[in-house]
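Look for subunit A in each of the two complexes below; its partner is subunit B in the first and subunit C in the second.
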Partner chain A sequence: MADPELYPADVHHEHASLAVTERPWARAALMLVAFGFLAIFLLLPLVVVFEQAFSRGIGAFVEAINEHDTIAAIKLTLLVAVISVPLNLVFGVAAAWAIAKFEFKGKAFLITLIDLPFSVSPVISGLVYVLLFGASSLLGPWLKLHGIVILFAVPGIVLATVFVTFPFVARELIPLMQEQGTGDEEAALSLGANGWQTIWHVTLPNIKWGLLYGVLLCNARAMGEFGAVSVVSGHIRGMTNTMPLHVEILYNEYNAVGAFAVASVLAGLALVTLVLKTLLELRYGAEIAATRGH
Partner chain B sequence: MTTAPAKAGWRFRQPSVIPGFGLTLGFSLAYLTLIILIPLSGLVWRSASLGWTDFWAIATDRRTVKALEISFGTAFIAAAINVVFGTIVAWVLVRYRFPGRRVIDAMVDLPFALPTAVAGIALTTLYSPKGWMGALLAPLGIKVAYTPLGIVIALVFIGLPFVVRTVQPIIEEIDKEVEEAAATLGANRFQTIFLVLFPGLAPAVVTGFALAFARGVGEYGSVIFIAGNLPYISEIAPLLIVIRLEEYDYAAATAIATIMLALSFAMLLVINLIQSWTRKRYG
Partner chain C sequence: MEVRVSNVRKEFDRFPALRDVSLDIKSGELIALLGPSGSGKTTLLRLIAGLERPTRGTIFFGDEDASNRTIQERNVGFVFQHYALFRHMTVADNIGFGLKVRPSAKRPTRAEIRRRASELLDLVQLSGLEKRYPAQLSGGQRQRVALARAMAIEPKVLLLDEPFGALDAQVRRELRRWLREIHDATGHTTIFVTHDQEEALELADRVVVMSQGRIEQIGTADEVYDTPNSPFVYGFIGESSSLPVKIEDGQIWIADRPIGLATPDLPNGEATLYFRPHDIELLDECNGCIAGTVAASRRVAGTRRVELEIGGGRERIEIELPVGHPAAQKSRVAFRPKRWKVFPKVDQA
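Let's look at the complex of A and B:
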């Protein structure tokens, strides 16, 4: 930034602004390209979801949602999220604690491993569990003998979802807690707090917005995951169908209103997620890790 | 800290008064191993136990090769499109002030939040011959739905936020004085942007490209609806894995998955190298 005493604002800035920005026509052209691109690729698909969902009126929409299999799919999606998000939340806090509060060998490698699920195709994330628990695997016969069902049932869907959403909370908390350092915890400990008191009364209040941010993104992905869940679910209507899978089934049955009705619920969820995410970023941007995205 | 004499030699962890290292690291490692490492190494192990001849036969099967070509090819084109338009979007969002900027900024993350299956059926409806975009393009003789072009469209949707969110913070950080200096030294705006600013943005653009590309290669949900899934033409590799699984051909599914993983990791490695090179060159 220019020092106001060295450079009188009036002349300098007038001159600088011409040199460091585009001409009006270039600005207009760039904005037109950006808005046009976003309108075609982001806005139109979103509008189509709701337009199709209500194309036969509200009555048809309500009927499509209020169908037995749809309600079962909504319940299953909620159940899967309720199990898998807390699991990854606990992991995220534990991993971030170990990584951010201590210096140890192999830390960078550990962070890379935590990010690994992001670079694996969702289909492969499901496939690995089919290979692990399927009938032809080493574990398969043993599981069958003991009557344990993992694949094509809720445990398999939960495992695949946990795999896919594994890094979300951890990658949000690690940079945040690294930035905060260990000063607050050391102070609490030196004043006589024990470990749990320190985490509960000092660390968690420090990271709560970043934690919420990570949970929000983790939950959105958990409820929306398609590829990984599709491989392990077995697609049993009313039993192992999550909402995204139900969308696919209805769509392939040429039940467009039904498919888009369920899809619009998921799109609504996505919009709520975006609004909450933006509010968190606006209000607590400084307290949320700088590494946005995903 | 300074009271204890520094001990020479290897030490796994630096001393600290903070408790819970063993518990948290132990739990994290156990969870990571159970959820991620064992299942993934199971895939590699199963693939290795196929034997070289079988593996090679699957890998060079024409349908496999075509599916991999389509996956990597469309992901590359989509990531390239996103690099151009994503950088423009990031530039407009950072540099210009206009009403609704916050809302548009938030909208960029829609592909992260919208379930891929929803994006898939929405794009298919949009680009089918009777859809809003499809009807517009049909008179021009452009078919999008049920062609490889449809795959590219879906992957552009999926990859956009990766580029915008990687480039945006770097544009925010650009020091205005650099631009002023360039202008003072006689560069026109075009020269300033392409010769002065872009080299600084290059590492972020490459990273954004890599993230969008990697995501596009593995993408499944948004693609399978719009692709039409014709073998040799618009069948992506993740779909071929699913098809082989449904045929109980676990060997083929495993082999294709291993090839995809290996190619993705090799690619990320190359891109990391390019990135550290550009950083050294222009950083």
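Let's look at the complex of A and C:
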């Protein structure tokens, strides 16, 4: 009985049956369309960004980056990401947990709320904060009295970024946790584990890859957000300009090299994120499949 | 460990899943909770485990009221229907989990945990698979790892939810025999849930038949099979034929004639006669019998199944005949059930 035969996890139907297989020319055409589209609409602009950034040589590029306002913008962008990503990590896990693991009234409403930032234009989200915290708003005078500055300062930028990026982690985790159900947690409890041990040894390992994807996406968006941040930032150079805003200002000043240099750094950060994700997938591919599958 | 369920009721959103269930389980017994889906058998198991709290009633472990104990405090081994193995842990880590999470005073050393795990793997006949991940095991192997994991914490009671439900027939039969051996060797009080009557009858010391949140009958395999105490148990366990009959002065009538069976204790009125298709005697002449016309006949393994039309085709029943029996070919067959039961007609809720 104890045959050590290996059963591969999920190998079924990697190949489609003959009946639904397209003719070779059809396949080639489909792939051509897909790759061609990607090349023209994604790859080409990316190449242009780097090409423009280095159009006057590496010296001009370094000079453009090394400018005071640019460095301030990079720092601010990183600061905003460092604050908003962990916040949304905690929020996302909590919301996904609540939605996937138990029943309560208002669940559908919560799911709709989580999707709100996806459906509302970022500019509107920014405006909401202006209406809420602005000088002529309800809270405005009170904030002023107590010397709290939110708008046109770092707190406002962080708030707007948190608002825009909060669906990413939750959206990634909800289907995963719903599919996994509560069986593993019940098993851990029945074996004598307490609540924290269950979360630490069972729940978190089960969702870690989904969590990582969510965080990577959340981070990419947090660094790249333009609309909402643009409304609340006030565009004060060297103080409340994030990288995307700085790119726009430089571009509007006809400083193409500067604009593209900053843009290339931003694109570079995004590429690093992608490479990181791919490396993780290569390294832990089997484990990811095992955790997400069956 | 004895387990006593006393007048337990469980509601989900006011819908009763269990209505006033009482059950005494002796120490070391192997008990099957058998019933169709929605009968409340899994709810009862989860209540005993402490995964659910009863709406009313008490659950005793030994003499101790365990109703308000958490699942951790109850120290039960629970094997889940889909095993719920921790997919990111190796087989050995899965089995050792219950020992690893103990408070430090009671936690065995690492080496001891590893030794326990491989000992249990021996018991479930999976030695050598310590380093595998659950995804690399077959269904039957996962099932056995789940059992080893549950037994690692030295539980007072072993609870299994549809333990063989997700396996194919061959593996299922093999594991069934094997579970019985493990039970006999370790002596755990064991309760398992199943909807498969063959499994329940073959494996369990006693079978608890459940339907619609109630216990219909508790008894050994022989008792529930040979003397079902309700129409439900007759219909659910084994095969049965039933006929609408009338009772008059202690005699059973079908249409306008008596069939030669007496039931002195039942009042006059409408009733239903139940019997097993194989538990009949054929009659040459009809001096009080059930007579019918052969409507269809088919060969089933070593016997022949005959479908009879009774009373001019209003009712159809099945009886079993030896293959060579001439009655199988005759168009008219008279018989009388050897073992049977009549239940007065009640309005089915």
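The definition used in the following text is that the second predicted complex is superposed on the first by the 236 of 294 C-alpha atoms of A that agree within 3 Å, B and C clash if a C-alpha of one lies under 4 Å from a C-alpha of the other, contacts with A are read in each partner's own complex, and residues count from 1 in each chain.
Everything that follows uses one rule, which is that a contact is a pair of C-beta atoms (placed from the backbone, for glycine too) under 8 Å apart; a residue touches a chain by one contact, two chains touch by 3 or more.
Since this is a predicted model, take the numbers as computed values, not measurements.
Student: Kindly classify A:183 by the partners it touches after superposition: subunit B alone (first), subunit C alone (second), both, or neither?
Tutor: The second partner, subunit C, only.
Student: Just subunit B (first), just subunit C (second), both, or neither: which does A:62 touch?
Tutor: neither
Student: Could you tell me if A:97 is touching subunit B, subunit C, both of them or neither one (first, second, both, neither)?
Tutor: The first partner, subunit B, only.
Student: Applying the touch criterion given at the start, work out whether A:82 contacts subunit B, subunit C, both or neither, answering first, second, both or neither.
Tutor: neither
Student: In this superposed model, does subunit C or subunit B come into contact with more residues of subunit A?
Tutor: Counted on subunit A, the partner with more touching residues turns out to be B.
Student: With the two complexes superposed on chain A, say which partner A:122 touches: subunit B (first), subunit C (second), both, or neither.
Tutor: first
Student: Quick check on the superposed pair: does A:202 touch subunit B, subunit C, both, or neither? Answer first, second, both or neither.
Tutor: second
Student: For A:136, decide between first (touching subunit B), second (touching subunit C), both and neither.
Tutor: first
Student: Have a look at where A:192 lands relative to subunit B and subunit C in the superposition and call it first, second, both or neither.
Tutor: second
Student: Quick one: classify A:23 as touching subunit B (first), subunit C (second), both or neither.
Tutor: first
Student: Based on the A-chain superposition described above, do subunit B and subunit C contact any of the same residues on subunit A, and if so which?
Tutor: The overlap between the subunit B and subunit C interfaces on subunit A comprises residues 1-2, 186, 189-190, 194, 290, 293-294.
Student: Given the complex with subunit A, which residues does subunit C contribute to the contact?
Tutor: Touch residues, subunit C against subunit A: 49, 51, 70-72, 75-78, 80, 82, 84-88, 97-98, 101-102, 125-129, 133-138, 149-150, 152-153, 174, 178.
Student: Okay, in this complex, where on subunit A does subunit C touch?
Tutor: It is residues 1-2, 4-9, 183-184, 186-194, 197, 201-202, 205-206, 287, 289-291, 293-294 of subunit A that touch subunit C.
Student: Note which residues of subunit B are touching subunit A in the complex, please.
Tutor: 12-14, 16-21, 23-25, 27-29, 31-32, 35-40, 42-43, 46, 85, 88-89, 91-93, 95-96, 98, 102, 104-119, 121-123, 125-126, 131-133, 153, 156-157, 160-162, 165-166, 169, 176-177, 179-180, 183-184, 189, 192, 214, 217-221, 225, 238-239, 241-242, 245, 250, 253-254, 257, 260-261, 264-265, 268
Student: Write out the stretch or stretches of subunit A touching subunit B in their complex.
Tutor: Subunit A reaches subunit B through residues 1-2, 16, 19-23, 26-27, 30-31, 33-35, 37-38, 40-46, 48-49, 52, 91, 94-95, 97-98, 101-105, 110, 113-114, 116-117, 119-124, 127-132, 134, 136-137, 159, 162-163, 166, 182, 185-186, 189-190, 194-195, 198-199, 217, 220, 223-227, 230-231, 243-245, 247-248, 251, 256, 259-260, 263, 266-267, 270-271, 273-275, 277-278, 282, 290, 292-294.
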